[in-house]
Every structure is written in C-alpha cells, then in structure tokens.
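Both of the next two complexes hold chain A, though its partner changes from chain B to chain C.
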Partner chain A sequence: MEKNELIEKINEVLAEEFEIEVADITPEANIKETLQLDSLSLVDMVALIESEFGVKIKSSELINIQTFAALYDFVNDNQK
Partner chain B sequence: MQNRVVITGMGIYSCLGKTLEEVRDSLYHGKSGIIFDPVRKEMGFRSALTAHLEDPDLKKVLSRAQRVYMPQQAQYAYCATVEALRNAGIDQDYLNTHDVGLLYGNDSSTVPNVKAVDAMREKKDTTLVGSGAIFQSMNSTVTMNLGCIFKLKGINLTVSGACASGSHAIGLGALLIQNGLQEMVVCGGAQEVNPWSIGSFDGISAFSVREDEPTKASRPFDRDRDGLVPGGGAATVIIESYESAIRRGAPILAEILGYGFSSNGDHISSPNVEGPTKSLMMAIRRAGINVNEIGYINAHATSTHVGDTNEAKAIYNVIGDQRIEVTSTKSQTGHEMWMAGASEVIYSMLMMKNDFIAANLNFENPDEDSAKLLIPDKRIEKHFDTFLSNSFGFGGTNSTLVIRNL
Partner chain C sequence: MNEPILTGEGLYKLIPQRPPIVMVDSFFEADAESATTGLTILPNNIFCLDGQLQEPGLIEHVAQSAAAFAGYAPYTRGESPKLGFIGEVKKFKIMRLPEVNEQLVTTLKVLGEAAGVTLISAQTNAGEETVATCQMKIFIKE
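What follows is the complex of A and B.
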C-alpha cells in the first residue's frame, strides 16, 4: 500500500472505531488526546492496527508513537 | 422491626416487547416470541427453536468507552434499567446522591469468551484480544457495567443461581432493604440470546424438537411437552423501602411480602419435589399470609417432563385443592433462564395491574399431576391482589417470591 493511501486508511479505521471525525486527525496531533484513549482503549488501537494492517506494535515501541505521523511511519515501515 | 419493601419501577427488554406496554399487550393477546432459527440447524443443533429479539442499538445513547465493555445481555439490562428508573421517577441526580444498590441475576457470558479464546488461538498474542473481552466475559459483567454507567454506590454484585438467578436477586435485595442495609436496590435478571451460549444445553436433549410448530413447542404442563425452548433478554425492578418510596412520592406498585429459598441437595439437573415445596412454604410463611390469599401462581414450569411434573406436585402439596390459577408464561417466552425470575415478576405484575391472567399457551391435555391444578388454557379476566412466583435452577436451587398489589 502506498503511504498516502495507507494514511488515509489508518485515519478512516481509527475514526470509525473511536467515533471521531477524520478531519479531527492531523499528522502532528497527539493520538491519545485526539482519540481520547485511556490505557484500556490504547490496547484496542494496537489490536485494530494489527487486524487491519497486520502490523504488531510492541509495548516498548508504543512509547515512541505519540503522534499520528509517528504511527503512519511505523505502520509503513513494518508493513509486510 | 423490619422495613417493608416495595416495587416502584419496572423495565423490560424481552421477546414479548421492549416496553411494559408492548409486553402487557403480548401477554394479553397470547403472543408467542418463539421462532425457528435456521442458523442453529446449520451449526448442528438438535433443536433450532429460540425466542427472538433484536440487539439494542446503543450507539447514540452510550459512548464507545461505555459500550466496549458490554456484552449482549448487559445491553439488554441497560435498556430494561433505563425504563425501570424512569418509571420509578429516579434521575441521575438521585443516583449520584444516594447509595443505591445493584443485584442482578446472570450466569453466563459466552460470546466474549468464545471470541477471546479464538483470538488467542489465532494471534498468539493476548494484547490482540482487545480491552473489552475481560469485562464482557465475566459473570458479573452486567453489574459491573450498570454500576459504572449509572454511577451506583451501594451494594454491587451478580447473583448466579442458574435459572433462579433473577428471582434470588430480587429476594436478596428485599432482605437487604428489610434489614435496613440499603434503602433502594436495582434488581433484575439478564440472559444472553445466541447459539453459542446454549449449544451445550441443546446437547443434553433438554430442548423441544417440535420445530415444525415453533409457537406450539413451549407447552408447560401439557401432557405432550417434549422440552423447553431457550429465550432471554433482561428485566429490571426497582425495589426500595416503603418509607423511601413515600418520601420520594414515588409510584408504589406492589410490596414484596415474602422470599423463600431452598436447595434440593440432590441431582444436578433433575429437580425433586421436597426442595421446591420447602421454598414455596417458606415464602408464604415469611409473607405472613394464608394460602387462600394468593390469587395467581406464576409457575417456573419450563415444558420439561420431570420439571413440570415435580413442580405441579410441589404446588399441589402447598395449595391442595384450592382453586388458584397457575400458569407458566414460558409458554409465550420460552425459558428466559437467568432472567426468568425477574421477568416473570414483571409479567405477573402486568397481569395483576391489568386484571387478567394470560393463557398458559398449548395446554391441551393435562397429565396426571397438572390435572390437579387450575391451569387456564385461555386468558381470563380476573382481579387479584397477591401472586406467587417460582424459579428453580440447575443444581437444585429454588426461589419463591410472594408479591402483593398496592
């Protein structure tokens, strides 16, 4: 999947699952704040990324993924 | 001096309707909620009969963060509880400022467990099971969800007493109020409705196989009954001390006079006669009434051979030749299991408040024991002020409630 297409798809599935508008997502925005994630729903985001894109985010890697841009990069770099 | 316990609100989500009015009309007109579900046949079920009800759509009323922890039966219970609280005149401000308890019957949560195990097997990574599974899969899922959504601050626990769960929940709530430990308790019972949760029950040949006539399959007390039909949903009653109800100016619907219970100490699935008899007698004794004051008996009778026979014997042991109408509303709903004890209190309340007794559907020929009871096969118009409701469950748990009109 091309990166632009990937970004669009990530935004779409996150907006759908966490019930926000796609327009609320910007690359530099903080993921937790934008999606209103707590420690529990953060687990759901990890599960969602795995089921939709086949990319597992380990706890140790999650610490470095604070913004959507970081998430796009991580998924893009780890796509099979 | 014990506090009097009254019912001030009711709410229900059942195959007979999603409001009290719909359910009242279904009871009055003898509507059956039973269907044939072809999916179950494809899954290898011996009987594909089931009660039918849609899943609620709560997307617009609860946030994702609230819904993600709720399995099907918690969603049913939420709907029933919203209606019950509204009818009792209780708003969120009241719940925020009083220690309201919550005792709800529930004894399974199968689908979340199946999904979680499937995910673990497939993914080999527990994180990928998701955050909802642990909260959805526990037996106490209904009370943990309702307690958080409604911000309840009194006792909070689930009563798991098999098919008597809902009845025990109401009885135990009444005991807490009688003894001054709670002023108000939200009580009820919930039952999931899906093939996964009852496949193993189907597997022990407990269900009716009268698949060509779904609405005739549940036939409690009838000579030709061949098993139960599974059902479900949720039912909530708001119970509180009489003083609390008066203070609030609440609509007082009825008084819980007596709660009786017993355990058979016998077979895991076959009921006996002694245990239920003891439960009935205890409820009547604690109610402080004479048997002839009972105007209607809502039987547990699920349409199984031994269950209905032994309950008929137990009821006869207690009431003798007194002509008290006995029916099983399971002839319309199927067996609502963990929910049944609570829903059947509401069905009986609706009949008591509207001066009728719903027909025991499909009661065409009595057997030796049911012939000794007065079982109307058609609706009758009758005013009554006191009813008795039985609920019995696997393992030989028995619960009986005696309730009086106010």
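What follows is the complex of A and C.
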C-alpha cells in the first residue's frame, strides 16, 4: 500500500472506530487528545491497527507515537 | 481437544475464586497470545435456572477464563497469580443459553496491549456451536 493510501485508510478506520470526523485528524495532532483516548481505551487503537494493518505496536514503542504523523510512519515502516 | 493441563482444584492455582462460584473446571492450553478453558455445567451450578446456565454465569465463566489465562504465565514460573481487574466488558453476544451437562470450551485471544491493559476476545462454544462471544479489557497489578 502506498503511503498516501495508507494514511487515508488509517484516518478512515480511526475516525469510524472513535466516532470523530476524518477532518479532525491532522498529521501533527496529538492522537490521545484527538481520539479522546484514556488509559483504558488506548488499547483499542493498538488492537485496531494490528487487526487492520497487521502491525503490532509494543508498549515501549507506543511512547514515541504521540502524533498521527508518527503513527503513519510507524505503520508504513512496519507493514509486511 | 487435548487433555487439560489443569482440572478441578488445580485451577485454584490460577484463579482466586472458590466454590460455589468457580466457573472454570479445565485449562486446556495456553501460549503468550491465546488460551483455551472449559466448564461442564453441573445441575447444582449456582448460575443455573430451569436447566440452563443464565447470562451472569456465562459472563462469569468468561471472566474467570480470562483470569486463568492471566494467571497461567506466573504459574509456569512458579509464582503466585497477580491481582487482576476487568476494566471493561464489551460486545458481549449470547446466541443461546447453554444447558445443564453441556461442556463449554472458551478460546481467548489477545487483541492488543497498551499501558498495562490487555484487550482479549473470547469465544465460548458448546460442541461445535458458538454460544457467546465478547471482548474484555484486563489490567494486571504489577
């Protein structure tokens, strides 16, 4: 999957799961704030990324994924 | 189905519940990402009514299956199970209430982990038939 296509798909599945508008997602926006994730719901995003894109995010890696841009890069770099 | 790794009182090494509220009687297999448990519904099961296991009994069975899954890794290392909490139960679907004397087999799978919270899926079968599915979030106190 090309990166632009990947970004579009990531935004689409996150917006649907967390019931926000795709337009609310920008590369530099903070993921937790935008998706309104707390300590219990963060795992929903991790599970969604793994099920949709086959990319597992370890807790140690999650610390460095604060923005959507960082998420796009991580998924793009780790896609099989 | 393989022979269980643990049965009956052997399960007490994995879960804190004790009779009459023990709702898992077999632990068949486990690895880092999945586990399989079982329960034969006896006529004296406290969650049974009119010969059927009621909804709270199914939920308790899945919750104790998840507890057993969480407790298995410490058990293999010779450690006591850690205290765990269910943070959320979601997407619980019950297709039908199981009957007395049926054997439930529940398969648990890890869907993701973050910030100390593990999201698992559970599918409970009676024979070939799926009777319930759900997702649970578990938090283990370190």
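Operating definition for what follows: the second predicted complex is superposed on the first by the 80 of 80 C-alpha atoms of A that agree within 3 Å, B and C clash if a C-alpha of one lies under 4 Å from a C-alpha of the other, contacts with A are read in each partner's own complex, and residues count from 1 in each chain.
Just so it is clear, contacts are C-beta pairs under 8 Å (C-beta built on N, C-alpha and C of every residue); 3 or more make two chains touch, one makes a residue touch a chain.
The structure displayed is predicted, hence computed values, not measured ones.
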Practice task
With the two complexes superposed on chain A, say which partner A:Ile65 touches: chain B (first), chain C (second), both, or neither.
Solution key: neither
Exercise for the section: Go through the superposed model and pick first if A:Val75 touches only chain B, second if only chain C, both, or neither. Expected result: neither
Exercise for the section: Kindly classify A:Ile7 by the partners it touches after superposition: chain B alone (first), chain C alone (second), both, or neither? Expected result: neither
Exercise for the section: Could you say whether A:Phe18 touches chain B, chain C, both of them, or neither, answering first, second, both or neither? Expected result: first
Exercise for the section: Examine A:Ile31 and indicate which partner it touches, taking first as chain B and second as chain C; both and neither are also allowed. Expected result: neither
Practice task
Name the residues of chain A shared by its contacts with chain B and its contacts with chain C.
Solution key: 40, 43-44, 46-47, 50-51, 59
Handout entry: chain A-touching residues of chain C, taken from the complex the two chains share
Key = 87-88, 111-119, 137
Completion exercise
Contacts from chain B onto chain A in the complex sit at residues 63-65, 68, 123, 125, 127-132
Problem - Complex interface listing, chain A residues touching chain C - result: 39-40, 42-48, 50-51, 57, 59, 62
Handout entry: chain B-facing residues of chain A, complex
Key = 17-19, 36, 38, 40-41, 43-44, 46-47, 50-51, 56, 59
